[in-house]
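The structures come next, written out as structure tokens.
You will see two complexes here that share subunit A, one where it goes with subunit B and one where it goes with subunit C.
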Partner chain A sequence: MSFAIQDPGLLGSWLVAGPLSALRAASADRPFRTGLLGREVALWLSDDGAVRAECDGAPLFAQGRYGFAWVCPDGRPARELFAFPEFDEPGRRIIDCGPVGVATSGLRVVENFLDMAHFPYVHAHYLGELPHTEVTPYKVDIDAATDEIWATDCRFWQPRSSAAHAEGSDAAYVYRVMQPFCAMLYKSSSRAGERDAIGLFVQPVDETRVIAHTLLAYFDDTSSDAELIAFQHTIFGQDKPILESHRPQLLPLEGRLETPTRADMLSVTYRRWLRERGQQYGALAADRTAALAATGSAA
Partner chain B sequence: MIRLYDYPLSGNCFKVRQMLAWLGLEWQPVAIDFHPGKAHKSPEFLARVNPRGQLPVLDDDGFVLRDAQAILVYLASRYDGEHRWYPDDPALRGEITLWLATADEITGTASAARLHDAFGYSLDVHAARRGAHALFRLMDDHLAERASAGGKWLAGSHATIADLACFPYVALAPEGGIVLDAYPALRRWVRDVRHLPGFIGMPGIFVPLPAA
Partner chain C sequence: MTAAGAQSPATDRGEWFPLLPGAEVAPASDVVGAFARGQELVVWRAADGTPQVWENRCPHRSVRLTLGQVVDNRLSCAYHGWSYAADSARCERIPAHPDRTPPANLCARTFTCAERDGTVWAWLGADAPAAEPPAHPLPPGWAPLRTLSLRCSAAMTRLALAALGWRHEGGALWSGRLGDQPAQALLLEAQSELAMLHLRCGAAGALRDVHALARQLRADIESQAGAAAPATEVSS
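After this line comes the complex of A and B, so read on.
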């Protein structure tokens, strides 16, 4: 196939390749072009609305779902695209916060999304506040049927948990990793008793450049779309320079370069899960990690 | 009431938010979906708010003004009783105006490169980065010269709207693939602006942690 993918971590994965809204303005003659795994992919919608995708003139398995185009890089989808029932749930507002380019490995973007410990430092006045730094114990499981990572019973005190939150709250979080480059977060909604959902779908343009797509499935009775996007961009804009300053840019999976603490159980699980899948793309493989650790050049 | 048509990741909007904070003024944001919605280019925005299709736009009790630099001049002239941010001195005003024009050039280069990298804008990013480097070299030389004479700021003896106007897209330049390593005086100035009392920061530009 055109990508010549050898990476077992990506085999059978569905990769996001842009919003369907961009494809609606395209055609077979003038396709939407975007970067994926170091190559250029051309996408458009056929007359019956199906997603068509090509790389170097060779067709790719593709589908449109959750407002995005998804392609299978090796042509043999191992499984269905992950479930996202909240997307179709009546009453939820579905808002695409738009593509944002980030100069780092997509695995780092996902790992940062899964981390609560940085909230009071990086997202002060929003998702955390000093001295409330404690990450209380939470549970991490791998769903045997779907091979997804689920972290449950996460709680964090947040001064302003969302655009609609006027005051501080003890936010409940559930994290979910569906694929190496795709994760979801369910958190206490401003509507009592409900959970808002945020999807992070990372498009690996190459190993150290990505386009991050963030999709909200929210119950919010007060904020405008622009206010919800502004809040999400504020949070992402705070993470971005930190993500881009990480060295090495590739995510070490062996745990020798960066020592996690107990609060990082989800991160540890994510890295182990990637290792067990044989993930190489965007990851610092064991031999390269050892070489860096030996020379100290990872500092 | 002061209202600001605002987008959190805009450095030009930050300039106005920071000026409002330094002047201690109450204001309300009007959130504009700059990305991905391009609401600042929508027919409604062009007709009602700003025919140039740009942010920020200030609405001070019905007086509507666009352009970050123009808004800084207006706010400082109207609300800064001490004439600190826009001093009432002919030579200094001349120098400040020169830097306000430079700020526009920084927007056209360093900010453009960031829009390319972060939001996928289609433009000549190499030309944008080259242009930014030329401006940053000039600023670095100027600030180094000022420093040798005991000065810290672009113009005058304390920070003015000249510094605020030029600041955000210098500080955010790495997000457009522009490395500041070669400009030590410029980097020291960025640090000095960040450490000004009442600095509010923006996503991508952190408020310094209080000294332990």
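After this line comes the complex of A and C, so read on.
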């Protein structure tokens, strides 16, 4: 295989490489080309509808799931792609909100997705509002069977929780990290008693540039697709300037360069989980983290 | 004049850097970005006007503090509202936990700074400065004109200024002319390939002409530096 992957955090993993809708117009002669791990990948659908992927003419393990093309860059898939049962659940609307390019590490994008404390500041009047800033204690567990991170009992007061919410509500969240670059959240739906699901699948173009794919699996009886996508774009548009202002862009996994607080328990778990897998891609090496903490020099 | 040498970064930061004209930072309001020798900085003022020069990085998640705002004499980060007090830089508020007092050692990184003759200066060295920033008083009736950003090193800027007939007056100060108008410039080494010139001059006859001459000075310096330096790709 043409990706010389040494990073234990990426070995055997599935990485998103674009929406299947982009492959429908492609062919072996005119493939859909995109960036992944600093290389160019070519993708198309074979006659039987299977995803084909190549890098520098060498075939890659690939599959189409959940509306996206996934590739295993080292050719040795260690496990099946994560489960996403809501994708096939009757009654849910599946909406791809489109790709958004972000100039930062994919690990920063995922960590931001897992964060409630920024809602009243970055998403004021939508996902939070002053003075409702408190993050109450929540639970974080690692599922032994799947090695996924789950955060439960998360609650946050939201003035406009989704496109279908006209007024404020105390929203309940469940977060889930399936892979270093893939996470989901489940939150109170506008349909009583149900939970909407949002998937964030981050495509690492290189260590500090990503394409973020957001997929909704929603119960929403009132909003149009365009309204749901516009809402998500508004939220992501608010996150983007923050995400692109991290210095360093790479995520430190250890050391004291960054200081968490109790509300950051999910972030702390995510970083430890990445560290324990030996994740290097998108992470700040320990020696550089220590040097930055000591001198404060520009990265 | 300080020679540009190959000292290690740990030892060669012991000098005063003229960051910006003090008038550009209004007390308890403005949050301004600056660079000195590659170090990214945030500059703001306490309610009593005391300048604050900090590392441009929130210690929580390393987001630039220049996105933030001044609230109640504290610099508040745009990401999570963590708020750092003027002077001490101590984090006094973590809004996610409104009833808890942040740990006493949780601080933004500060740099020694001073305001002299209308300029905010920063000292990046680990040791305290031996002296105040150099005195470069504005001649009577003069005022800051504008700051030029130059896509070249400070060393190249010095060579170009000398070649264009400007005179080094010691410290960061240079004197010369914009057309027939006497002018001064304070030179800042912002990054390895980014220099700043804080221009000052007397009451200008035609301001538009002076600004055109300032732009011409930038073009002349960059052109001199480009001719002297090996050809490099200029990224847009």
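Everything below uses one rule, namely that the second predicted complex is superposed on the first by the 296 of 299 C-alpha atoms of A that agree within 3 Å, B and C clash if a C-alpha of one lies under 4 Å from a C-alpha of the other, contacts with A are read in each partner's own complex, and residues count from 1 in each chain.
Definition applied: a contact is a pair of C-beta atoms (placed from the backbone, for glycine too) under 8 Å apart; a residue touches a chain by one contact, two chains touch by 3 or more.
Fair warning: this is a prediction, and the values are worked out from it, not measured in the lab.
Contacts of A:E134 after superposition on the shared chain: subunit C is touched, whereas subunit B is not.
By the touch criterion stated above, A:G101 is placed in contact with subunit B alone, subunit C being left untouched. In the superposition on chain A, contact of A:A217 is made with neither subunit B nor subunit C.
Within the superposed three-chain model, A:T234 lies in touch with subunit B and out of touch with subunit C [touch as defined at top].
Of the two partner chains placed by superposition, only subunit C is touched by A:A117; subunit B is not. By the document's definition of touching, of the two partners only subunit B reaches A:A226; subunit C does not.
Using the contact criterion defined above for the overlaid structures, shared-chain residue A:M184 touches neither subunit B nor subunit C, since it reaches no partner.
By the document's definition of touching, neither partner reaches A:L81: not subunit B, not subunit C.
Residues 241, 245 of subunit A touch subunit B in one complex and subunit C in the other.
Chain contact summary for the complex, subunit A toward subunit C: residues 111, 117-118, 120-122, 131, 133-135, 241-242, 245-248, 252, 257-263, 295-298. Partner subunit A is touched in their complex by these residues of subunit C: 9-10, 35, 38-40, 55-57, 59-64, 67, 78-81, 94-98, 100, 102, 106, 109, 191. Within the complex, the subunit A residues that touch subunit B are 19, 96-103, 211, 224-227, 229-230, 233-238, 240-241, 244-245. Taken together, the subunit B residues at the contact with subunit A in this complex read 6-9, 29, 31-33, 35-37, 39, 117-120, 174-175, 177, 202-204.
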